[in-house]
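Next come the structures, one after another.
Presented sequentially are two complexes of chain A, the first with chain B as partner and the second with chain C.
Up next, the complex of A and B:
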């Protein structure tokens, strides 16, 4: 380290030291040192987020009726108890099947619609494309309660066809869920489309494929990971959805698990069977998201686009 | 093998006053070109000169604002890209990642209603032709850049187009592979006989491969000619500067004198033997570095000799570049070939004379940029 340097023919120049001093100790500022703070904050966050969930899952295996006092291990609330366990209680099993039914319907309807909308929006050049793009984002940014209430009003108060033909119930629930799910599909597919760029479609057209053929034979296979990922996102969103589903429900037959949990969570008359139902929900959602991840990895390895695969994964987790 | 691909005749392209205007920018400003069938034609120019836009209009991805595109006499104006008998090799190759190499090459034939067996056979032949037969089952991402480029070439040529468009296909490759592929591309084109229209900003590429070159600048074509014509007889300062290195000096043209044109550079009078010999007034003179001679200072200088001082010498292996600062203020570059011995490494500040032979000194009307231009 030199504080001054003399050059021929010039006055002495003070040069800054080779290593600038820092007020933090060396073990902290070392860029290759162990990431202590990062590890600490991560573990604290994981504990904060997961411990309550783990506790709830644990208590579903409780031996007594209490959901807060541990009385021993048992599977009575899962299948043991003939009246009150999850798989013997029609209220619970109906709610479970209805949840899965809604999720499957929402997934099967929202994904193709969202895919086509994404393709259409990306090609629309003329007037109206700006407002269409904006409108597509509105369901994503509207508070869910506002959307649920407005849907309720539309289906019950508006005396205009086709709204009069739709009553509250499963149909209304599906429509409500698809309405906001489409936006998620569009965002995921469009971002992947933007990453791919227009070249492959141009190459396909140059080689003789019409617009439809290039979409079917080139774009769709290339977008498949994004489409599958967004389908699984729709599934996960639908399974967990509460507000819209609640407002669009009509009777006990249209109850889903989140609605059930909301209604019973603070009551005194419920058993750990409720925890069991909640555990099933957690597992199903995990399978959904885990499946999305595995699908993307398989596709990534298959076509070798390492960086593009992680980009799709980023879409997935970025949205969530 | 080439008979799988070779075409008999056809492929003459005619551009007539073609224009493309985007919102506030005119990318292509009324260009007219005639490309003969079977020719290797290059569009050469810097980035933003409109060469890629022109290519895309011929391929069908951009719609011309004005003008005509005719292929073998048929207008392409309202024909969508999938119906034109024109194929493109893209700069990034655009090989479909979800298909293997053979399926990539066979892709286009499906839309020509070619039966499956024949598709595979022709695809295999095309891969043989570009010497990639062994890699048929690989995926594009498993190939090197040069191999991908060849697959893109095979994929386009297997469809027997009348015209093949290449958009800077060698841009993404390193220098050695590029040089090798230049020769391969040229011999492939001669073998197959398809008209090639090649877009590039690399003048060495254009010079080494083309039958004719169109030098483009700012949406216009400055000059069309064979590589020799364009290099030896540039029509404008831009062309002179863009192809190779050009020494440009501002001068005043004094009119015709016998077989040349007298020009005044500083206080010296030179005779320019080629170019616009009849011009007068503000002009520029251009001479190539390899034509300039560096000679020792003499008392009675010959014709076209300018005194100056050596600024620096740069040895690049095959030749020695000598930068000389003339007394008129400009710096010119002379290129002396390396014959092994007798190479004089002039030191900085040495007074010398620079001789510009009249037949190599070109006069062009108009005010140019002073001093030796970089390549």
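Up next, the complex of A and C:
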């Protein structure tokens, strides 16, 4: 008998009977195999999400005037050109200064307001607390355009104090930014409050501290990282904000970097210095958010809590 | 009790701020929408509901239905937002799923990378695409190289607008979906597989229903701002052909002397969104009831 490979008997013995022959290759059907399709989708998504931004940053170093064709590397749009570069052209420096000024003011006002509101809302039970909780959520669930239009109308149409005292420009811009930032501060501080739990305060009270003392000496230090993180987040939100800031602006002096981008991104005469100013804005935002993330993580680790890997990042984005 | 006073006292500054700059302005929109117009074409708000003039609100509501002045904006909004949500789901769900299933260093790195676009300014991300989609930009160059030809991407092209909206809003969709998928108890999926469900059946009967609330949350998170979006269109298209409702509102309020009608359009926008939000609340309620049962 010739031992050919097509011998029927040996083939049936060699193959386990339960497995159905599949039209698909094994690496595709194996449930314990690597999820190649998902991995590919994810990496392609990440490339699609980030590479255009990197290209825009790269174009700020373009040697020519074009923002879409690469003409060689230079730093002329950053500092080389004495009139048109980002650090010499007053249009860009003024917008950068104004953006930073607004961000600092919004941060200084929204953080304490939101912090107190978060503590108050988490303990205040009784008449009005439900409505206050609802009110806090309104800015998060309204399109920014609706908020901007409503603020514009109230500042220009309502002849009652305090609205008559508020004019479009820096004051109105800060008020608008603070209004939508408060909710973010509340969300971040409350999620930290929920993590801490009532035990520490109860212990302080058992040991004889008054409500005020336990608040001041126990809760406040524990909440400090969340307060710092939310301050940095407000800073980043303010720097990136466009709609409310544009509606509340009055003249060229109250132009911010996002407003410059909106006005000039399509213009043919605009130089790569616009990309440079946008790059500065992105870097400043990322420093703020990165700082907030590190603060939350560092304190999370040192207070001995088992935080999930995404905990701090989720806190920053307001997702429970 | 003094303690209750303390908590309320802490909340009061924030509450007063929100009353002044959220509630009063919201009523100002209503008062201008139901208001009058003076001889200089300036809006005159009417604060007393008994004296309201319904003309502008009527005009706005009859404008957004088929045959009205703003119907094309309504149609574009529904079409673009619907397509964008579908694309965000098709691209974002696999990404969120993959990252949620990972662990260790790779997960940390991927999380960082998918969180990154969230904090790159929206306008910067649009600026990036304007450079790439320009007539002499690299997208056209690649298409020309492939022999597909040259397209005017930035001149009233609805596909560019939809692509830009998807690019702009997808990070806001991925994050809640990721958080939802990450919370799913793996034992439930293992149990379904142990009980003989196929991989596809497990996904359809266990994973997808469990992540449904977070898909809805992600959808709400991107639909709300898209209804007020005028800048994406202005930057990527610049043509009235692709106008959305946000553009109509922006043109009426900031562009011209029709603030009354603009305010009435804001009311229309909020009505459409309120219908959507009511569905969302009803659906999440139903989910919660089912989870308890």
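Criterion: the second predicted complex is superposed on the first by the 271 of 320 C-alpha atoms of A that agree within 3 Å, B and C clash if a C-alpha of one lies under 4 Å from a C-alpha of the other, contacts with A are read in each partner's own complex, and residues count from 1 in each chain.
The working rule: a contact is a pair of C-beta atoms (placed from the backbone, for glycine too) under 8 Å apart; a residue touches a chain by one contact, two chains touch by 3 or more.
Only a predicted model underlies this, so the values are computations on that prediction, with no experimental measurement involved.
Per the definitions stated earlier, placing chain B and chain C onto a shared chain A by superposition produces no clash, and the two fit side by side. By the touch criterion defined above, A:204 reaches chain B but does not reach chain C. Contact with neither chain B nor chain C is seen for A:250 once the two complexes are overlaid on the shared chain.
Of the two partners chain B and chain C, it is C that touches the larger number of chain A residues. With both structures placed on the common chain, the touch criterion links A:171 to neither chain B nor chain C.
Shared-chain residue A:218: touches chain B; no touch with chain C. When the two structures are aligned on the shared chain, A:124 is found in touch with chain C, with no touch to chain B. When the two complexes are overlaid on their common chain A, residue A:286 makes contact with chain C while staying clear of chain B.
Within the superposed three-chain model, A:53 lies in touch with chain C and out of touch with chain B [touch as defined at top]. No C-alpha atom of chain B lies closer than 9 Å to one of chain C in the superposed arrangement. Residue ranges on chain A touching chain C, taken from their complex, read 31, 35, 37-39, 41-42, 45-46, 48-50, 52-53, 55-56, 59, 66-69, 113-114, 116-117, 119-121, 123-126, 128-129, 132, 135-136, 138-139, 141-147, 149-154, 157-158, 162-163, 175-176, 178-179, 182, 186, 211-212, 236, 239-240, 242-243, 247, 258, 261-262, 265-266, 274-275, 278-279, 281-282, 285-286, 289, 309-310, 313-314, 317, 319-320. Those residues of chain B that touch chain A in the complex are listed here as 59-61, 80-82, 86-88, 90, 92, 94, 96-98, 107-108, 110-112, 139, 141-142, 155-156, 159. Residues 199-200, 202-210, 213, 217-218, 221-222, 303-305 of chain A are the ones touching chain B in the complex. Listed in rising order, the residues of chain C touching chain A in the complex are 3-4, 6-15, 17-26, 28-29, 31-32, 43, 45, 91-92, 94-95, 97-99, 101, 107-108, 110-132, 134, 136-138, 154, 167, 170-171, 175-176, 178-179, 182, 193, 199, 220, 224-225, 227-231, 234-235, 238, 246, 249-250, 253-254, 259, 262-263, 266, 269-270, 273, 277.
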